[in-house]
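Presented sequentially are two complexes of subunit A, the first with subunit B as partner and the second with subunit C.
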Partner chain A sequence: MTDFALNTAPFSVLVTSRSPALRAALTELYPLSLLSKVDANTIYDFSLDVRRRWAGWGRPFHVSSGQQHFRMTDKAQLVPVFEWGLNWCIASYQHQYLAIHAAVLEHGGKALILPAPPGSGKSTLCAVLMQQGWRLLSDEMCLIDLSSGLIWPYVRPVSLKNQSIALIKQWYPDARVRQITRGTTKGTVGYLLPSDLSWQAYQQPAQPAWVVFPQYQPEQTELMLTPLPKADAFMHLAYNSFNYNVLADEGFTALSALVQRCATYRLEYADINQVIRELNALC
Partner chain B sequence: MATLANALTVSQSYPQWLQQQSDTALLQTRFNDGSSVAFSLLTHETSIAGPAVVESVQTEAKPT
Partner chain C sequence: MLARPLLDFLTNPGHFVQQADGARWTAFLQLARQHGLTARCYYMLQSQGLMSQVPEQIRLHGLSAARYSKKQQHSLFYELQQLEAVFGRADFPCVLLKGAAYRALALPMSYGRLFADIDLLVPKAQLRSARDKLFFAGFAELPLSDYDRAYYLTWSHQNPPLQHYQRGTVIDLHHHIYPPASAKHIDIQVLLEHATPLPGSAFLVPTLAHLFLHAAVHLFYQEETHRLLKDIIDLQDLLNEVQQQQQLEFIWQQAQQMQVQSALVDACQVLLTLFDNQAARQLLTQHSVVRRQRLGASLVLAMLTGTGMTAWAARQLWFLRGHSLKMRWHILLYHAVAKPANGLRQLWRSKLKPR
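On to the complex of A and B.
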């Protein structure tokens, strides 16, 4: 058994695995200081079990948390399935934060929230802004503190898919994309390592300042950054939340406070350089 | 008993549940741009409460 812990603040995860390959792969994605031996005296936030369902090398791995099944996978896709499993754990079981499906970056102490459904270009945009010097808090989860209203980082590698991988490598030849896996349910997936700045401040929250709903529109010639009525922004954020319905009135109150203090926009774009200029101008 | 419909002078186009709730069963937020939202403590429904755009959701996002 190759058990280990992944301590990506604010959550710690106990990983039970019979595959040394998984831990080895994760050392390419996370600082070694965050991967540790299991401490019997520590209470972990989540546990993820990665086991062979049957004996034999050709058999699939079973990824689960306790008695809850997540997914079967073969060895080649262990890393993306592990990363998705971690997202699944947090989306399903943590309720100390209001969690919204969104990328979050910080500049000058202020956080930019980019909520968006898959296919909107969220992760690509997130990767570009990080490469331009914004601090990454997360490319997947906006974690809102229910009492302070601050946004807590959950720094992990940025999940890039399909043509985004080549685009990021083309635009930023020094970008460190690791563990590229082909043939997943989402196509080809690769992980862009967070910037040093992002890791250095991986436990430092930020004040929410802007909520921008991005939509990549390849036919569009001019970027459009349009103010969005706050009630509309609220509803879209609620719709993109993992646990708004669980938190009920606490969620409503926290989300109301966040929207009240943020400027809210809809962003339609085709040219990434226009986006960089426009979002930098917000600061 | 005062209702949210009275308080915000909402039109008939608002969701039925919002017009029928008493103030004590609702949380309301009026944002600094004039728009507002309401949440039912009884049914946990959320709706835009003004200006007049009707939208109501029961939410659960999925991780990607």
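On to the complex of A and C.
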């Protein structure tokens, strides 16, 4: 049994693992300084267990949080299932922040929020902007402080799926994509390592400045960046939120304040170079 | 048992807060989430004035859970408001049970208490009428095989769960608090007779004594263990309320009438041992003829505080005991044969029968 801790911020996790391979794989994805032995004086926010249990041939690993079952998996898919398990803990139990399903990047102290449902090209866009020098706060979860309105980073490897893995490698040959796993429930999954800049500032919040709803439209020739009315932006953000409905009036107040202080747009694009040009001009 | 850090917190939060190191708090967080007790612990810390001594990280996780439980309570009130119209015109009583009743009575224990469904009790003769009314309000039974449905209606104490077609809310509509197919014959007439209307509402609520007895029956006359801690902390808070409302004599007398003294004594023995509950002590010294610990209480205590083999053995015995109470052996045997036989018949009908 190898127990170790992953000291990401703002949430850390204590991992009880029956798989030495998992720990080894995570050293490829996270800085070594964040992976440590378990310290009895530290409070870990979440606990994840990776145990061996029989559940049909070929799926011997049971990922759970205590007795709360998450998923059974084989050895080959342990890394993505672990990453999803961690996301699951956070999405279920953290209501300290207003959490929106969105990628967040920072440039000049100001944050760009890219909220979108899966399939809209959010992660790819996020990866591209990070490679262009933006600081990554998160590719998955925008954590809004309920009192200050600041956005807290939750730096983790960027999860790329299917074609976007090849695209990123093609556009940025030096991009570090690790732990590529085929045949998961989401297809092929790979993890792009956050830039050094992103890791260095992994506990540094940013002021929200722009909200852009991206939509990849392959048949589109010209990029369209359309200002979006604030009320519409509010509703779309609420719809993309993990816990807007839990936070009630606090959620409403925080989201209203966010929308009021941000410029809000809808972005329809096909060519990534146009997006880079447009966003660099805008921000 | 594994839940030890959480049990230690619940029995003496002040002591726990002073002693806990990082590892204990980490285990506490994990267990509290698992048992759905994080928000409850948060309010305990608040009401006992301990919050300033708690690490900020723990306070924030508690606050997070408290927000979630508040949202649940809003949803509960919303649902009850929708149901007012349904039962307002009914010519039979509809009694709130468990979490819904605790909340409607605004008991301190209802703060931070999570629940999965709304429990309602109607007289058996009106079960069908209540179900029909709920159907027209948008609540329908979840898909169920004919066999399982017949099982619910014939042997259990409730209708199959009813779910709202849009909001997803689940109602457990009961006609009794315990399966009539069991060897125990619990008389719930007194519970219905003593239930009082909530001011300004169509619903009734049982007395605190009956709420306690229901919770005790629920815990001690069954075989499950996953909600053990939550059930015990409910009992502890309820008994303190019963004492404050001076219903200790009443509860003993009602337990006799309902024939559930054994559950009351079991509960009191557990609460006395774990929490040194004075109301439990008073009831036991004044009334109990049995001085030794009962089996039910011993098993619960062994499951909670025993280690390794003791806790394991207690769980196995608890399972056997619970099953034998809930279902008489000849009925169990009948279902053990009838259910697979029915499955085979279904398979024959759907797959093998020539068309």
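Assume the second predicted complex is superposed on the first by the 277 of 283 C-alpha atoms of A that agree within 3 Å, B and C clash if a C-alpha of one lies under 4 Å from a C-alpha of the other, contacts with A are read in each partner's own complex, and residues count from 1 in each chain.
As a convention for this text, a contact is a pair of C-beta atoms (placed from the backbone, for glycine too) under 8 Å apart; a residue touches a chain by one contact, two chains touch by 3 or more.
On a predicted model such as this, the values are computed, not experimentally measured, just so you know.
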Open item on the list: Applying the document's definition of touch, where does A:Q260 land relative to subunit B and subunit C: first, second, both, or neither?
Closed with: first
- [ ] Answer with first, second, both or neither: which of subunit B and subunit C does A:N240 touch in the superposed model?
- [x] first
TODO: Please determine whether it is subunit B or subunit C that touches the greater number of subunit A residues.
DONE: B
Open item on the list: Output check: A:I180 vs subunit B and subunit C. Expected answer is one of first, second, both, neither. What do you get?
Closed with: neither
TODO: Name the contact category of A:A166: first (subunit B only), second (subunit C only), both, or neither.
DONE: neither
Open item on the list: For A:W84 in the superposed arrangement: first (subunit B), second (subunit C), both or neither?
Closed with: first
Open item on the list: Contact-wise, after the overlay, does A:H101 reach subunit B, subunit C, both or neither (first, second, both, neither)?
Closed with: first
Open item on the list: I'd like to know which partner A:A24 touches here: subunit B for first, subunit C for second, both or neither.
Closed with: neither
- [ ] Examine A:P229 and indicate which partner it touches, taking first as subunit B and second as subunit C; both and neither are also allowed.
- [x] first
Open item on the list: By the touch definition at the top of the document, which applies to A:E250: first (subunit B), second (subunit C), both, or neither?
Closed with: second
Task: On subunit A, positions contacted by subunit B and by subunit C - done: 245, 248
Open item on the list: Please output the residues of subunit B touching subunit A within their complex, sorted ascending.
Closed with: 27, 29, 31-33, 35-37, 39, 41, 44, 46, 48-51, 53, 55, 57-64
Task: Touching residues (chain side subunit A, partner subunit C) in the complex - done: 14, 38-47, 65-68, 93-96, 245-248, 250
TODO: Please name which positions on subunit A make contact with subunit B in the complex.
DONE: 84, 87-88, 90-91, 100-101, 118, 140, 159, 186, 227, 229-232, 234-235, 238-242, 244-245, 248-249, 252-253, 256, 259-260
Task: Footprint of subunit A on subunit C - complex, ascending - done: 21-23, 25-26, 29-31, 33-34, 55, 57-58, 60-61, 63-65, 67-68, 70-71, 74, 226
